[in-house]
Amino acid sequence: MDYVLAALVGVFVSLGVYLLLSRSVIRMLIGMTVLGNGVNLLIFTSGRVMREVAPIVPAGLEVPAGPIANPLPQALILTAIVIGFSMFSFLLVLAFRAYKSLDADNTDTMRLAEPENAPQPPLSY
Amino acid sequence: MSVVAFVDLCSLVALIILGLALLLSIVRIIIGPTLSDRVLALDMMTVVAMGFIGAVAIRTGLMLYLDIAIALALLGFLATVALARYILRRGLKVDASAMEAQ
Amino acid sequence: MNTVIFRTAAPLIVATMLVFSVYVCLRGHNEPGGGFIGGLIAAASIAVFGMASGVPAVRRALKVDPLAIAGFGVLLAGFAGLASLFIHAPFMTSIWMYLHLGETVVPLSTPMFFDIGVYCVVFGTLSAVALALESDEEEDL
Amino acid sequence: MNSAFLVIILALGWAGITGNFSGLNLLFGGLVGGVAILILRYSIHQQGALRKTAKILSLAALFFYELMASAIKVAVVVMHPNLKSALKPAIVAVPLTVKSDAEITLLANMITLTPGTLTVDIAEDRSVLYVHALAMDNDTALIADIDNGFEARIREVFK
Amino acid sequence: MGLSVDASIALAALAPFLAALLTPFVHSLAGRYSGWILALVPAGIFALLLGAVGPVLAGGSISAAIGWVPSYGLTLAFFVDGLSLIFALTIACIGTLIVLYSGAYLKGHPHKGRFLAFILAFMGSMLGLVLADNMLALFMFWEATSITSFLLIGFDHNRQAARRGAIQALVITNIGGMCLLVGVILAQHVSGTWLLSEMRGLEGVLVESGVYGLLLALFVGAAFTKSAQFPLHFWLPNAMEAPTPVSAFLHSATMVQAGVYLLARMTPLLGGTEAWTGILVVFGGVTLIWGALGALRETDLKQILAQTTIASLGLLVLLIGLGSKAAIAAVIAYFVAHACYKAALFMVAGAVDHEAGTREITALGGLADKMPATFIAAAFAALSMVGLPLTVGYFAKEEMYLAVVSGDWKMLLVLAVMVIGNALLAGVALVVAIKPFLGDAVPTPKTAHEAPIAMLIGPVLLGGLGIVAGILPDWLNHDVLAPGATAILGEAVETHVTLAVDLASPLIWLSALTWLLGIAVFRQAHAIRAVLRRLSAGLGWTADQVFDAAMFGLIRFSAAVTRLLHHGKLEFYLVLVFATLAVALFGPMLALGGFDWMVPTAELGDWSKRLVLPDLRPYEWGVIALAVFGLMAVLIARSRLIAILSLGIQGTALALIFLLFGAPDLAFTQLMVEVLSVVILTIVMTNLRLDARDHRPFEDWARDGTLAVVCGAGVSLLLMQILSGTLDTRLSDFFTATSVPIAHGANIVNVILVDYRGFDTLGEISVVMGAGIAILALLRRRRKAEGAAP
Amino acid sequence: MTELPQAMIETATSAADWVLVLPIVLALMGAAALLVVRRSNGVPMLGAVLVIVGIIACEISLLLRVVSEGPLSMTMGKWLPPFGISLTADLLGAAFALAAAVVTLIVVLYAEIDRDGNDSGDGFHSMVLLLLAGVTGSFLTGDLFNLYVWFEVMLIASFGLIVSGGTPLQLDGAVKYGFLNFLATTLFLLALGLTYGLLGTLNMADIIRVAPEANRAAITGIAALLLLAFGMKAAAFPLNAWLPASYHTPSAAVSALFAGLLTKVGAYALLRSQVALLPDSRDLLEPVLAVLAIATLVIAPLGAIAETQLRRAIGFFVIGGIGAILAGLSMPNVIGIAGAGIYIFHAILAMTALYMVVGLVEVRTGARDTRQMGGLYAASAPLSILFFVLILAVAGVPPFLGFWPKLLLLEAGVMDAELGWVGTAMVVALVLNAILTLIAGTRLWAHIFWRNGPEGSPGSSEPMALVPPTPKVRMAFTVVGALVLGVVLLGLWPNPMIEVGQRAAADIIDPGRYIEAVGLAGGAS
Amino acid sequence: MIADIVLCLGGVLLILGAIFTLLAAIGVIRLPDLYTRMHAASKAGAVGGGLVLVAVALISMDVAVSVRALIGVLFLLLTTPVAAHLLARASYLAGYRADQSTVRDDLKTRLEQNSGS
């Protein structure tokens, strides 16, 4: 099942990439989220997958009775999810403000910082 | 058949049924036709997912998953409220063409 | 969203969510949950509250600037880590103390305070953002 | 429904979900609930205490019965081979006799969860509830049903 | 002497910099007398260096070293031998006169203090350059001369021509500087030492190394840019945009002579080969003739002098290339002569310009009456330049003819070039000295009268020096030429310049020929100028124009490249990133056999093993299908809001996957975050009126789709490659074993978060807090900005 | 379970060891505390200064300890490495952290020029401290995932700073900056996941130990991904578009902070990952690094020549500097690595100073486009000196600071030239870069300072009227002047820097001391 | 013994809840317009989801879990109708008209009166 999940990671990444190339800021954000999910799943799969046994030590025991799911990737993903969510929120509000100020959702038309018809540099000394 | 095995079987069957319900509920999200229909379906999906989690809890014997289900109910509500508000303010015009078709 | 039904039901929902969020936060060390999820649920409840009653009402009710709560959370987590300076151990070495109150033994530990710090940060930040976005919207209409 | 009552409810809820009814835990639950109520202090209006336990229970029983019935009814409709014939949707204005926020809310929610009806809106003057019915054969019967069923019992509970 | 001679050498090189730093204060205190006060610095250095003459004459050399970068084996080593002493003395001497001259020339100029500081810093750089033993230090002083001369040339900064001249000089000399740096590093790499003195001790270390050709090219390139050899000479005339004192200083004994100095210095290390001689002689010869002809073409006094400087530099390079004892002696003699007369003539030109208001020789005439002292200085200098007996210039000419007169046909060709070059220069000298001063008086923009004393000391003294030295041949032989030439060649050289005229020797006849031709050139100057101008007009372009074309071409090219790479389309930037990602994913795997695990090994049986259906239960398949459908729903969503709703599907599916595979905390968080993401997106979208669809032209669609699939496949395959190995579970085993007993927590994931890796979480909550601040900053400003707007 | 693994570090930690962790914790908690008090006028600025001074004190003592005792390590939570997160400071990390704190202090003081009373409460100082925390954490951490976390801390703080003016221009720049940088950290995370899957560890010292036994294709793939991610952060060609798109949009103080810190952290991460952590990947990646370095070196200064927007032009100088750092990485002998390390150090100081000077230029001329500038040379000699010195330092003209790393890099190139084409090509590229940078710099100088008025104004005209300096501007000038003076003095007396650089490079190439300091020197645990 | 019965009951309730949920999902697909679909979603959904939670409460054999499950059910019953109401109202006000088969629409009448006056 590792390999199925690995293939699923590829689907996530593909869609994320495709959406990131869409020029529409909101879609790009969605792409970023999908890509992030794909990466999280990748970390999860990287730690090898085990069915249904949560890494929680049953009450009264010192160590789990049997094998458990790998807890470390889970902790890493948790951190990554939280960070990803923070970044996502910021970029979303940024997109919102950019839309309000620049009247554009299409990145092709966001050209204030790098103007389309930038002047030729002066040929002088 | 022992009781435990019965419960186990029940949970397996329930999971399969709920899995099916999950897939069905996203059909409406995809086909719409209006935003409201999709929101409704999303709300529906949240509830199904909640049930799914409950079933998983029974299947694994980890009743703690229950809290995830409860929290999902809480947040699913929030999502629906937010979307309803969107519809109230922005209308359904994202699907103007679909409305005409209807 | 000014309907009587929502406005009336909201406080019940919000109160339940808040209590639940504290529960999820505190039991995180032993079961699924923890400061982050707890804070998230609490902030979500604030969002519901804001949608039902309006941002000014929420701000009035909260009294404290939500972002300051976030700052407090980081400070709390930081101090939880710094505490190990006093036991000559590296940063973030956990310290456990057991309070004996009658029969009950209440475990107090730096990881717990750390997790409460996490809760505060998430709650404070997300509430601040939710409220800011909400009020932004109201201005718009 | 005053704040102290709510705090007690929340404290008990706390003890319930943590599975520990010790005094200390109840106290802590009360503390948490208190903070929650403190945040909500402006939004909770004095709505009169709810004392009539028996009435509440009877209302609840009616409600759960109606809920199951409603679910089965909807299930039957959904699985009906000829949907068109099984459906007769309508949006009906139902005059309201209950007046307080709590009553209206309770009623509206219960209507939504019971057979074939769904609250869509309330008039601004709170005099009318607009209810969507799945299969309306007779509008007066529908209105009477609501008036005599939930509305009456809610009135009793809040009296 | 309290201060040892050795240490004082370092002081000689470093004092001018200190003085330059103090100049603004000195100037603000001393005002119009600042020139006089500051001239004490170079004068003092001159005196200090005189103290070294004795030891050098007696023992050959002095060295001094200051520790500097010991960890890199660098010492600030100075070294004084005949060559460096002659250069240093010349620099200090002329420097003194120039500072004095500048003090008067720039009287009342608002930036006079700045100017004097630059002059002093420049002089320090030059002194450091000629005194340095450490090649790296030599390079650093070399660069310092470029930078300080840049500031000096561009001193009249509000004129574009001055800025152009400065940039041009800097660019050309910096190219040379880079050659020098690489050459120095290479030489160090080959020889193992930074010190020239040590390197000279390693017989043939550079010449015999495998990189001799490269070294030669680098050092020669450096010298040629600095010493304005054809075809890199064009920056020098443009450097005349500088105030005249600068020209007088830079283009007589300093800046431009740095290249000559370098070649002379490197003679024992790189010289003596055919390539060395060939390159230096050919380029030097061409430069000599080109410069001399250029001088005849010009009418501006400074331009004329600049062109003659080019010619003289060519002559010096040619002589170094010849490398014989006589030639090297001629180098020293010519250097001294040229330094004196050229500095004097520039100062004269400056005085004329200053007093008469113009430097056009066609607009000047009969100034001798009004400016007699200036005229005398000019006449002295011109005599030396023409090379009449009793001047240093005469000896220089004799020595150079001596070097080539008895050689094969190649030498005769060189001789011819020398004679012609010298003759042309003699003609120019006469033009410069006679045309403005003699003949009929011409009305000038300003009413001319004698220049102030500070502006006269220099030219008169230097002009006179050429004569005085010329009547002391023995002193010249023993104290100047011999030590200098010895230092260059590394073997004892004796010279025999004499005042006695030996009519049997061909040298005197060659000199006579040179003078005769020079007079002829002078008489026909006007005609020659007309011809040359027609010729250059016929040529159509000059090296100068080529520079402009190259510079503007570079600017246009830069603009084109920059617009291409940074045209502001985020989408294009992302395409670049993902294309790189695709390469990063597939490149290493393809190159290093990363796909081997997919290929069946010997027995076919492996395939069946691999084709076995994954061990997944129906509901697990259902959840995976949910994820895929959710992703497809996002892809085909017709509006952004529908895409947002669909986003919820894949998020929920992912959470359920986590749940099914033993990660409740993850599932919990993922669900909460996913729902909240939808909520926030919705809240924001409530304010955005967007309904455009994702519509891409086919070629974009194909490109994006390909990139997406390739990247996705690459990630999957790399992951599978890693999954085909076993995981080292040390870490999780440890966490599992210690979570309850030591960390007192049953939820291992949470224990990792708050204890084992709590530090990560501390950072993580800071990110959350930071996001809050950032978002509030975004929203806050909006209100402020809109409140401000009308 | 027969026996519990020996879990905790037995020896007591001396309070002095805390200098390793305090800079990060102080910065984080300072940011939080300033957030709490952010509405009190003047307090945040003062608090930030105090906190940074404290951090600098810690870092000086840290650097001194590392110089005298070798790398210093502390594993959080008393856990044995590699189970806990190890903070590990070697010479490079400690020196960079100190440089970062110093420039941050100066920027905080400088930033007062474009802040007014209404700005209180915007969290500016919190974000600056957060940025510093992220940067310091990145320099000091010995754990790859922890590095990711600090990258994100840095990123979110930079987000907050880049939009803090809220102008449309800034928003546009921030969109590009935001997406590309977030994408870069996401790719980093992807590589991290794979690293864990392959090696089963995240501790850097541990990775150094176990990486040689791992599958080469996979390890090289991971290194390539890290190269991509850090290359983006470092603004290496062709992944550098975000930098010129955004660095000119925020206030000068913020630009200065970014220029000094952000790309340098990326470059530092490249140095760590490509040289120290995964040296086995170099067979394949070294030529790639070399090509990237050459392209960056040659193409970046072209941008500086072409740009008329002053700060954008300066941005290309920053990128060009990254090219020099990459050049050092692609020639992994001690000299080359030392060159790269010293260049990073130089760039932290010089690029920050340059942007701050540019900010002063903008204030005085009231323009952002060089075509509208002029007259500064006549008006302000001190400002002219600062600008000129910095341009020379950036172009690598001796004896300014930038010369020394260039010298080391050239030497490394010459040494490497005997082994293959990389060294030769690198020398040529470095030389080209120096020449083009100087052309660009002198053109800027001629246009902004020498020319008396805007483009097209007559040559002989009087200098254009400039905005007179306010007291705040004078204060800003003083602090920048102090920084530039430091740059000059370090250039004149480079011995300590070069010594530290060479030792640090030796430690990077032979990480034995590093591993030993973390406590993983024995066989596999 | 009682425990076994409770467990079996829990299993049955679980299946029942799943079936109700599935029916609700089918309803959401089959029914003709938003309002009718909402009947399916809110009722069958709440009941289905609620039943699963009750099943958890029964099977867990733990008071704390049971209390939480029941609180979850109550919460579901509290939020589902509110959400349905909000969505229905918003949709109606946004212009989503009921299917043509709808026999009567009092709300439409009222809205028309309001806009007319």
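Labels A, B, C, D, E, F and G are assigned to the chains in the order they are written; within every chain, residues are numbered from 1.
One rule holds for everything that comes next: a contact is a pair of C-beta atoms (placed from the backbone, for glycine too) under 8 Å apart; a residue touches a chain by one contact, two chains touch by 3 or more.
Note that the structure is predicted; figures quoted are calculated from it, not measured.
Asker: Under the document's definition of touching, what chains do subunit A and subunit D have as common neighbours?
Answerer: Common contact partners of subunit A and subunit D, which must touch each of the two, are C.
Asker: Which chain lies the greatest distance away from subunit C when centres are computed from Cα atoms alone?
Answerer: Using the mean of the C-alpha atoms as each chain's centre, the farthest one from subunit C is E.
Asker: Looking at C-alpha means, what's the farthest chain from subunit A?
Answerer: Between subunit A and every other chain, the largest centroid distance is to E.
Asker: Could you compare the number of C-beta pairs in contact for D-G with that for B-C and name the larger?
Answerer: It is D-G, judged by the count of C-beta pairs in contact.
Asker: Going by C-alpha centres, which chain is most central here?
Answerer: Checking distances from each chain centre to the full centroid gives F.
Asker: Report the inter-centroid distance (CA atoms only) between subunit E and subunit G in whole Å.
Answerer: 78
Asker: Quick check: how many Å separate the C-alpha centres of subunit A and subunit F?
Answerer: Computed from C-alpha means, the inter-chain centre distance equals 25 Å.
Asker: Show the residues in subunit B shared as contacts by 2 or more other chains, in ascending order.
Answerer: 15, 18, 20, 22, 39, 56, 62, 64-65, 67-68, 70-71, 74-78, 81-85, 88-90
Asker: Counting only residues that touch at least two other chains, what does the list for subunit C look like?
Answerer: Within subunit C, residues 1, 3, 5-6, 9, 13, 16, 20, 30-33, 36-37, 41, 44, 47, 67, 70-71, 73-74, 78, 81, 91-92, 94, 122, 125, 129, 133 contact more than one other chain.
Asker: Touching two or more other chains, which residues of subunit D qualify?
Answerer: Correct list: 13, 17-18, 108-109, 119, 121.
Asker: Okay, what are all the chain pairs that touch?
Answerer: Contacting pairs: A-B, A-C, A-E, A-F, B-C, B-E, B-G, C-D, C-E, C-F, C-G, D-G, E-F.
Asker: For the complex, which residues does subunit A have touching subunit C?
Answerer: 54, 56, 59, 78, 82, 86, 89, 93
Asker: Subunit G touches which residues of subunit D in the complex?
Answerer: 13, 16-20, 67-68, 70-71, 74-75, 77-79, 83-84, 87-93, 108-113, 116, 118-121, 123, 128, 130, 132, 134, 136, 139
Asker: What residues of subunit A sit close enough to touch subunit B in their complex?
Answerer: 52-54, 56
Asker: How about subunit C: which of its residues touch subunit B in the complex?
Answerer: Those residues of subunit C that touch subunit B are 1, 6, 13, 16-17, 20, 24, 31-33, 37, 41, 44-45, 47-48, 51, 141.
Asker: In their shared complex, at which residues does subunit C touch subunit A?
Answerer: 30-32, 36, 122, 125, 129, 133
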